[in-house]
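Pasting the structures here.
Across the two complexes that follow, chain A remains constant while its partner is chain B and subsequently chain C.
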Partner chain A sequence: MLEAIKLKKTYGDFEALKGLDLKINAGDIYCLLGANGAGKSTTINLFLNFIDPSEGQAKVNGLDVTTHPLETKKFLAYIPETVMLYGNLTGLENLAYFAKLGGHNEYSDSDLRNFLKHVGLQDGAVEKRVAAYSKGMRQKVGVAIALAKQAKALLLDEPTSGLDPKASNEFSELLKQLQGGGAAILMATHDLFRAKETGTRIGIMREGRLMQQLSTDEVSHADLERIYLEHMH
Partner chain B sequence: MYSLIVAHETRTLAKTPSLLWILLLLTAAIAFGAWASSSVFERQSQGATAISNYENGMRTKMHDDLAKYEEKVKASGGKMEFAAVNHAPGEGPPQATNAGAVGSETESFAVLPPTGLAALSIGQSDLNLNYIPVSMKNIIDATKDNEIENPVNLKAGSFDIAFVIIFLLPIFIMAMSYDLLSSEKERGTLAMVMSHPISLRKLMASKLVSRIAILLAVVIAFGVGAVMAVGSELNQAETWARFGFWLGATVLYSIFWFALAVLVNAAGKSSATNGIVLAGSWLAFVVVIPTIVSVVTSTLYPAPSRLDFIAASREAQTAAEFERMKALDQYYYDHLELVPGGEDKANDFLTLSLANNASIEKAIKPLYDEFQNQLNRQEDAVTKFQFVSPAIMMQLAMNEVAGTSADRYENFMKQVFKFHAQWGEFFTGRFLKRDPLTTEEWKQIPTFKYVEEPFSDVLARLMPSLLGLLVVVAALTAFAFSSLRKYRVAAR
Partner chain C sequence: MAEASLSRVTPPSMVGVVARKEFTEIIRDGRFKWTAIIMVMLLLTALATGWQKYTAYSEVQAAAQGETNHQWLKQGDKNPHSAAHYGNYAFKQAGPLSFFDNGIEPYTGNLLFMEAHKQNLAISRPANDSSAVSRFGDLNGAMILQVLMPLLIIFLGFTAFSGEKERGTLRQLLSMGVNQRDLLWGKAIGIGGAALLAIVPCIVLGALVLSMLQISHTADNFAARVGLMALIYTGYGLVFLFLTLGVSALSSSPRTSLIALVGFWAFSVFMVPKSAAEISKAVYPSPSWGEFQATMRADQVRGLDGVPTAAKLGKYVRELMKQYNVDSPTKLPLYFPAVRMQKLEEFDHEVFDHHYNGLRDTYMAQRRLQDAFGIMDPLMSLKSLSMGLSGSDLLHHDRYTRSAEEHRRMMVSKMNGYLSKAAVDLNGVSSSSNYMTADEAVFSIVPSFSYTPPTLEEVTKEYGSAFAILAAWVLASIVFAAAAVGRVRKVSA
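Moving on to the complex of A and B:
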């Protein structure tokens, strides 16, 4: 579903991404680990076609994102570090807008409410302006948007950063539900524990290069931390 | 998709308190502009009516005296006599029998009527007198007369609807659109939106449509309201055709500023930077460039100063008075058929005065013509340079639509000079022959009625400004939207 082929991004002399090869299939939660500036967000931005690759290809559902920018975005959902919504609209109004932007006009008001209920947004919050939402509530609305969009691939850029453990755990559970529904998920994170708990595969990045890929089944928490730190030195 | 984003943007804008303030200020500015300019024209037309009524009243009184005298002569079976200019009141034939006295001591006011939409743009109508007294006296002197106007007003210009549209509307537009993309990028919502299947250009177009719709709804509603409130000749198709062009020019001018905002946003800088760049652009296009064009045109074609003109006119007057006998002889030499019998010519002050006026007019006419020609050259130069700033194109278009352009005034002045010649021709011959005027002849006294220039002439002058605006707006819009290709949703 998500595929990077010799994907490279340079800014002048600086190489942000040095020929990334990556494939994430339906049902995979692929966690990208790495320090700041390792190339995790660059990879996500390239899949979103927010920036142009210098070389190589980023493909979604077999389509190159640079030549099919709109078609590929029909399959994608994006959850950034903080899901930014229109603060003067309610959660429900935001969800309705983004669902329609994704081409889904078929939802009734109760359908949309169900999405928000499903992700755990309290009933009272649905009609409140998003400006008053906590970060956890915003992330939930982000997942609701992905659900409403029926996204086949999710791109998450440190989505649990700053969330308390409970909210973080709830978010992981939602991701697993999406994974169960057959979505391919790419999540950039600093959280080794969350990556091991939630992911199916892990990639460790450093200075724009994918240093090592692991299956979460094959590695313990301690081993993962050791391997990660080895790559960071 | 367009309608979805347009609706969303409109709803978001509607919940933005600052927008309501912007629109409120805009409506207040339009209403005030309409009121202020209508009061200027009301004052002008009241002045024209009052002075015409006064002069007509004077001539009516003379006419009544003449009618009484005619009846008296008819009853006595005598002959109509010619009144001497310097006769004592109450004795002999009335002044009304003397064509020279009627023609030079009463004036007929040539009035330039405002168009139905004059209130939309005052233009230079506050500088040019819209009613010129025409008599046998020197007409060029009359054109120098002006109403007393606050010099600060003349320097600063008028707060009319054209001022609101040209100067203030861009500021309101910039306030609505300086952060079209930058604020969404800064808030993070742009990345959320752009992760959906929508192109940046479509998003931008939808944002523009919602803003243009809101702004123009207000401008059109209040524009129509202003026309209904302070316009005239509303039953004439030409008035509404002029309004249509006003609307077209306003829409194009508004789109120019929105397109400029798109271009500035496409550079991907912060909202604060965009605001500064747009404010600078406003200063450049609305203030600096028009000022430079004005300085350049008046440097290229310097008009003789009005002071020189007045000084030359006085010199001519002094010289004429100095050589009044020579002037009179020259006058009669030119008009041999008018030389009266008897020895009274030297004593006839009015005859001398006419001769003086003719020689003064002859002396200063070349200077006046040169003055007018230089003004015309300046106007032509501004017409050519107008394409460097949409504000200049807009001002010229507004003046044409409102009928306050320099060309319409020139057309009026040509008719005034022609009328002055007719007036002089009618009275001078009768006066110099000392033929007493009759009530029958009185009916043939020329009257002035401004003949409006053909609308096709107005269109011919309007089109370069409108087409210029159209081309500039189309090119800028295309360039701005193509610049969006380079826009990066994500920061590095």
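Moving on to the complex of A and C:
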């Protein structure tokens, strides 16, 4: 579903991404670990076609994102560190808006409420303007948008950063549900624990290069931490 | 890539989705409510004031013209040439939409005294005493829309893209696969709709006012004038709407876009009109009233061609005596003083035409030069078009003064013509009437003053270039906005 082929991004002399090869299939939760500036967000921005690659290709569902910028986004959902919504609209209105932009006009008001209920947004909050939402509530609306969009691939850029452990755990559970539904998920994170608990595979990045890939079934928390720190030094 | 996506055909429903969301967000914003209320209040005040002035003036104009015509007829028996000196007044008709845009009317006057030997300017403030052809007038509907409508659009739209960038919603938005063209048009419709919400009540009230005024039957193509007026102001609004969206798309923050847009607004509304007026006056200087009168008086005496009026008159008398085969003017079968006075009038016509046409050409040249500034400021084109359609521009004023002068010449000619027959009577050859004295019956051979203002066709012909420039602004602003929004994908990363 998501594929990077010798993907490279340079800014002048600086190489932000150095020939990334990556393939994430349906049902995978691939966690990209790395320090700030490792190239995690650059990878996500390239898949979203927010920036053009210097070399290589980023593909979504077999389509190059640079030649099919709109079509590829139809398969994608994007959840950043803080899902930014329209403060003057309610959670329900935000969801309805993004669902329609994603090409889904078919949802009734009840359908949309069910999405929000499914992600754990309290009934009373649905009709409140998003300006009053906590970060955890916004992240839930982000997941609801992904559900409503019926996205085949999710790009998550440190989505649990700043969430309390309970909210973070709820978010991970939602990701697993999406994974169970056959979505391919790429999540950039600093959180080793969350990566091990949620992910199916882990990639460790450093200075724009993918240093090592692991299967979460094959490593313990301690091993993962050790391997990660080895690459960081 | 962005440009490619702009050209892709997408369902209109996506535009509608974006438009509805933009509209909803704006009208829920407390700042919009207050801005809209202020805008509506100002527009309504301006329209009410304009309507009050228009109706008051129209009533006074009709009554006064009737009264002065009555006074002409009832001036009492007197020598016909003295009657021409007694004179009459020509009142200017209010432009059909001058209650909306009074243009240069406050500076040009609306009352003109018609008398023998003199071509007068309209009483009030002659244009040559003001700063070229003044570009700023009273508080009126046109001024509100010209000055405040762009500001309203800027305030509604400056965050359209830059605000989304700053809040981070633009990335969310673009990740949904919505193309830039849909975003642009959706936002344009949403913001434009909100702006209309502040303006439509005033338009509805304006329509009611128009129906109350019942001027639609008297003005040439009144409905078409109103339609064109709506069209040009819509075009002007679109220019600012798309400029706002384009600048917002290019700006990294709302603050930057607001500064840039308010800067352009000030440049457009204050700097260019004032500079254009001064530059046009410098390039085509118009004389002061005193200078104008002095030069004209001198030319009346010495003649435009260097032949003094007295010499021309002498030649004319000799030709006349030859024509009638007499050796003295007193032997002419005409009352010579009347013929002489009429001939002197006609010599003056040439001088008047030269100076007044020159003055008019200067003002027209000033106005056309100012119109050329429309290339850098859409307001310049809009102002000319608005005044033209309202009937409060130089074209309409010129038609009024020319018509008054034609009427004056006809009045003097008829009175002198009547008097010229006196010799026949004095010689006892013809009727026994005393042509030396005219009464009401004689005065009535001069019809009441009336004139036909320029037609809509004449107006559109005169302002064709201004219309073309405004249309070019609309097109250019859309192209600019489309190009700017096409770059949003890169800016947002």
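By our rule, the second predicted complex is superposed on the first by the 233 of 233 C-alpha atoms of A that agree within 3 Å, B and C clash if a C-alpha of one lies under 4 Å from a C-alpha of the other, contacts with A are read in each partner's own complex, and residues count from 1 in each chain.
Keep in mind that, in the parts below, a contact is a pair of C-beta atoms (placed from the backbone, for glycine too) under 8 Å apart; a residue touches a chain by one contact, two chains touch by 3 or more.
All of these numbers come straight from a predicted model, not from anything done at the bench.
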Combined model on chain A: chain C and chain B, fit or clash: clash
Touched partner set for A:N45, first chain B, second chain C, both or neither: both
First (chain B), second (chain C), both or neither touched by A:T66: second
Partner chain in contact with A:Y11 - chain B first, chain C second, else both or neither: first
Contacts of A:N88 with chain B and chain C, given as first, second, both or neither: both
Which of chain B and chain C A:Y133 touches, first, second, both or neither: neither
Touched partner set for A:F171, first chain B, second chain C, both or neither: neither
Contact residues common to both interfaces of chain A (with chain B and with chain C): 45, 48, 50-51, 69-71, 73-74, 76-78, 80, 82-86, 88-89, 97-98, 100-103, 149, 155
List of chain A residues in touch with chain B within their complex: 11, 16, 41, 45, 48, 50-51, 69-71, 73-74, 76-78, 80, 82-89, 97-98, 100-103, 145, 149, 155
Contacting residues of chain B [partner chain A, same complex]: 1, 4-5, 8, 11-12, 15-16, 187-189, 191-199, 488-490, 492
Footprint of chain A on chain C - complex, ascending: 1, 5, 8, 13-14, 17-18, 21, 24-25, 28-29, 167-169, 171-179, 489-490, 492-493
Contacting residues of chain A [partner chain C, same complex]: 45, 48-52, 66, 69-74, 76-78, 80, 82-86, 88-89, 93, 97-98, 100-103, 105, 149, 155
